Amino acid sequence: MDDIYREIILEHYKNPSYKGELNPADMSFEDENPLCGDHLRIDLRVDEAGTVTDARFSGHGCAISQASADLVVESIIGKNVEELKKMTKEDVLDLLGIEELGPVRLKCALLSLKVLKGGLYGVPEGHSEFE
Amino acid sequence: MTQLNVLEDFPILKQTDKNGNRLCYLDSAATSQKPEPVLRAMDDYYHTINANIHRGIYHIAEEATAAHENVREKVRAFINAGAASEIVFTRNATESINLVAYSWGRQTLQKGDVVLLTEMEHHANLIPWQLLAAEKELRLEFIPVKEDGQLDLEAYAGLLDMRPKLVSISGMSNVLGTIPPTKQMAADAHQAGALFLLDGAQMVPHQKVDIRDIDADFFAFSSHKMLGPTGIGVLYGKQALLEAMPPFFGGGEMIKKVYLRSFIANDVPWKFEAGTPAIAEAIGLGAAIDYLNAIGMDHVSAHEENLTEYAIRSLLTAPGLKILGPLNGKRGSAVSFTVDYAHPHDVAQILDSENICVRAGHHCAMPLHDRFAIPATTRASFYIYNTRDDVDRLLTGLEKVHRLFG
Amino acid sequence: MTQLNVLEDFPILKQTDKNGNRLCYLDSAATSQKPEPVLRAMDDYYHTINANIHRGIYHIAEEATAAHENVREKVRAFINAGAASEIVFTRNATESINLVAYSWGRQTLQKGDVVLLTEMEHHANLIPWQLLAAEKELRLEFIPVKEDGQLDLEAYAGLLDMRPKLVSISGMSNVLGTIPPTKQMAADAHQAGALFLLDGAQMVPHQKVDIRDIDADFFAFSSHKMLGPTGIGVLYGKQALLEAMPPFFGGGEMIKKVYLRSFIANDVPWKFEAGTPAIAEAIGLGAAIDYLNAIGMDHVSAHEENLTEYAIRSLLTAPGLKILGPLNGKRGSAVSFTVDYAHPHDVAQILDSENICVRAGHHCAMPLHDRFAIPATTRASFYIYNTRDDVDRLLTGLEKVHRLFG
Amino acid sequence: MDDIYREIILEHYKNPSYKGELNPADMSFEDENPLCGDHLRIDLRVDEAGTVTDARFSGHGCAISQASADLVVESIIGKNVEELKKMTKEDVLDLLGIEELGPVRLKCALLSLKVLKGGLYGVPEGHSEFE
C-alpha cells in the first residue's frame, strides 16, 4: 500500500508550489474532511471571461490531500470556471498518478475537488446544523 | 414443481427429539431459521476482516467498510429502492418504525393530526404511534378488519376524508396472513395528502417487493425473519424525506463536525446510524439476500402459496378448527386458528411434545384478537424449508390434542 | 508473569500479508477481535435453538429465552449490578446513552437545567445531550481536560456549584487513556444533587467494574469492544430510575396489555426492549463474559498495564513523537500520539503496509482534539491478545514512516 | 412434555369444582397473563377473623391456569388471609403435581397465585399506563 506514496506525491507534499492565500481573491471556497479534521481552502482569481488567472490552497492535511490540492490548483489555472465543474474523480487520480485508493484515503485525495465543486455548486444538501 | 428442497442448508431442522421426531419448525413468522451460507458469511467476517468501519485506513477496516456498504446496495436492489442512501440500518423493524415516529413524526405532526392505522397492526406499528399521540395529542384512527380478515377498503376511503397526515399499515398481517392492496392504498393515501408507511416485516421474506412501484414513503423490515441474523433491520425512506428529517440518535458516524455545543449532521443514511453498527449482522443480511436471490423470490412465493393452500385445506378437515383470516386468494403463509376444545397454549404444548413448533398467544397483535373476541390463537407459519410433510405432522399433532382435550 | 497467551483463540491474528507479516491489530479501542468460543456460541445457538424468545411454548423457544435471560444475569454479575432487571439490552453504548437522554432526560430535564460533561467525551456521550439541549434549552457545561490529560477536578468542584441535574462522563477516555476517579466523582455529583451517568465503553473490556461500588446511576457499554459480537450493547440503570422512566421504543415485548389507543407497559427491563432482540448477539456477549471471567479481569488489567507501560516507554524513544494523555500512573491502553513530520493518515497508511492496524483521525472526539489544537492523532490500543512483539513492530513501522516523511 | 397433562390437571380443567363468582364477595382480585390474554378473577368471602370461608374463580385460560386456579382456590378455603400471603410457587406446583415447567407455562400455572398476591399486596410496580 505504500506504493501510493510515489515520488510525485511526496514531492508536492513536501514542496508545494501553490500553497498560500490570494488576498483579495475573487472566489474562496473551503471545506473539510470530517474524518480527520483536515481543512482545505482554495482561493481563485477569475477574469471577466471566467478564466482562472491564479489560484492557491491553504489549510492542513495529509500527504495525499495536500499533494492533491497542489496538483489540482496547478491544473486549473488557465481553465474556465465552467470547465472546472466538469472535473472528475478520475482527473484528480490521474494527476496524482494513483490507480487504486481505499475509501478513506479517496476522501483525502478528493478533498480539493470537493472544495472546488462545493464552492462552484453551493453547499450540498444534508448539512443541517444543530446547537 | 413449486416445491423447494433446501433442507440441506438448515441442519437445525434435522434435529430429532427423544422419540426420533425431526424438528418441525412452523414459527417462521416469529423468526426464520438461518441457512449455512448466512452463518458462514458472519463467521468468515469475524475470522478475516473484523474491524470497526467507516474511519479505518488499514486494509481490514477498509474491507469491512466496503462489505458493510455493499450490503446496503444489496438491500437497495432487493427492494428496488432508488438509491443505497435510502437504506438505513436499524436493529429491527420495530426500531425502524420508531425512528420514523421520533424523527419524522415529532418534527411534522401536530396536535389534532390524524394517523391512520389498521386494526390488524403488530404492536410495532401501533405503540410508537400511541406514544407519539400521547405526546403530540394526535388522533389515531383505524381501518377496520372485516370478518373475512380483509381490510375494509370502503371504510378506508371514508377515513381518508379525515385527511390523515400518515397512513401506516402492515403489508402482510402476521396473524391473519392478509395482504392488503398496498400499491392502491399508497396511491389513495398520497391522493389524500398523507404519507404512507409500510410495515414490511412479513412481506420482504416472502414476496418480491418493488418499493418504488408500491410508492411507499417509508418501509420497515427485519433481517431475522428473512433468513438473516438477529440484531439488524432496515428502514427505507425516500431520499428527500430522510434528508429533511432531524437526526435521531446522537453519536459517532452520524456527524460531520462536532463542537462542544453543536454539531453538523452527516449525510443520509449515516445521519441515522449513530455508533458502531451491527457490522457482522449486515454481512449476514447480505448473505441472506444472496441466498433468497439465488432461489428467486418468485419461487419462494410459489412454494409458500402452494404449501399454505395445502395447509388450509388440511386444517379445515380438523374437527372444531376455525381459521382466522382469508381462506383463499392471495394471502401470506401465517395461518392462525382456534380449536373449540382446547386453549392455544395447550395446543402448542401438546404439539411441542411431538417436536412441532407453533406459536400460541396474541402474536403481538392484541387489538386484533380483541376485534375477533378471542384471547389467543395458535399460529403455524411456513417458509422455504417447510414441506407438506410438516403440514401432515401438524394435522397428526392436532389429532393428539383432540384425543386429550376433545 | 502478567503476559497472557491467548493467540490460539484468535485465528484472525495469524493472518499474514503478502510479505509474510502477521496481522498486528492495535485498534481494540475501536472494536476488539473475537475469540473462537464466542463465535462458536453464536453458531451453536443458530444451529440448535434458534427461535424467537419470550412468548414461545415449544422447547427451542424456551431454551432460547432461558439462554438470553441467562446472559442478563451474567452481565449483572460481571458489573456487580444489584439485579438482572437493571440490565437493559441495546444495540451499543451509543444507543444506551441515547435511551437515557430520550427517556429519562426528556421526562426530567427542564429549560435552564445544567448537564455536566467533560471535554474528552466520545461523541456518543456528547451529541445526545446536544440534541436534548436544543430541544429543552438546557445548558451544557464541560469539565476541562488538563494539559496532562487528566480531568481538572478543581474545576469540577466549581462546576458542581451550578447544581447540574446530570453529570455524564466517560470512565476511560478512548483517546487519552485517562481514567477519572469515577467513584469520587459520582459521590460528588450525588452530593450536589445530580445523577451520574458513566460511559463504560472503554472500561468494561479492560478492568473489573463494580457498578454498585462506583454508585453510578446509569452505565453504558458495548459488546463489540469486549470480545463480543457487534449488534448488542448494555444500559445499566438503577431499578427505581428505570421503573420511573417512560418507555422509549414502542413495540412487541415492551408491553403487558395493548388496546387500540393505549397500552400498559411491561416491567423493567423489558419495558425498554421493544421488538425482537439481538438474541444470538446476547448469547455471544455471554460467551465473551465467560471468556473474560476465565482469564480473570485482574489478569486482563495486569496484562494491559504491563503492555501499555512498555508501549509508552518505547514510543517516547521515537523521534518527534508526542503522546497525548497520561504518561504514567493508572491509565487505559489506548495510546494516541502525533509525530511532527507526518500526518496521522499517512502514519496509519504506512503502518498498514506493514500489516499493522492503528487508527488515525479524531476517534469520535473532535472537541478533545480541538482542545489540544490538533486535527487528528494516531492511536494504538491494546487488548489481551497483544504482546510486546506488537509494540516492537509498531516502533519499526514508525521508523519507516520517518524514513519516508522525516 | 405432555406428561404435564396429568389426570389431575385434565380433571380439574374439564370439571372444575370452584369455577364461578361470589356475589357479593368480600374481596375480588383479578389479573391477566398478558402473554396469552388469559384473564382470571378470584372472589373471596372472609370472616371477621380473616379466615377465607368461601372462594371461587372465573375467567378463561388454558388447562394449566384453570386447573391451577381450581386447586388453589380449593386449598385456600379455611385458611387465614395472612397465611395466603405466604403461599409460594412451590406450593402451587405441588398442588398441580408438576415438577418442571417452561417459563411461559409457569406463568400460566402461577396466574392464580399472582392474582391472589397482587390482590393482597396491591398492584405491583411498573404498571404504567399510556394513552
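In order of appearance the chains are A, B, C and D, and numbering begins at 1 in each one.
The criterion applied here is as follows: contacts are C-beta pairs under 8 Å (C-beta built on N, C-alpha and C of every residue); 3 or more make two chains touch, one makes a residue touch a chain.
Bear in mind the structure is a predicted one, so any value in this text is a computation, not a measurement.
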item	value
Whole-Å gap separating subunit C and subunit D, where each centre is the average of the chain's CA atoms	46
Separation of mean Cα positions, subunit C and subunit A [Å, integer]	36
Geometric centre distance via CA averages, subunit C-subunit B, whole Å	31
Contacts with two or more other chains, residues of subunit B listed in rising order	55-57, 59, 130-131, 247, 255, 257, 261-263, 345, 349, 352, 360-361, 366
In subunit D, residues with contacts to at least two other chains	1, 35, 104-105, 130-131
Chain contact topology (line, ring, star, complete or other)	other
Interchain pairs in contact, sorted by label	A-B, A-C, B-C, B-D, C-D
Touch list for subunit C against partner subunit D, complex	54-57, 59, 62, 65-66, 243, 246-247, 255-257, 261-268, 271
Subunit B-facing residues of subunit C, complex	11-12, 15, 23, 27, 30-31, 33-34, 39, 42-43, 46-48, 50-52, 55-61, 91-95, 97-98, 101-102, 119, 122-124, 126-131, 133, 140, 142, 222, 224, 229-233, 247, 249-255, 257-263, 274-281, 345, 348-349, 351-352, 356-361, 364, 366-367, 370
Residues on subunit C engaged by subunit A in the complex (per definition of touch)	130-131, 134, 342-346, 349-350, 352-353, 360-362, 366, 369, 375-376, 400, 404-405
Interfacial residue positions of subunit A with respect to subunit C in the complex	1-2, 4-5, 10, 35-39, 60-65, 104-105, 108, 130-131
Touch list for subunit A against partner subunit B, complex	1, 32, 34-35, 102-105, 124-131
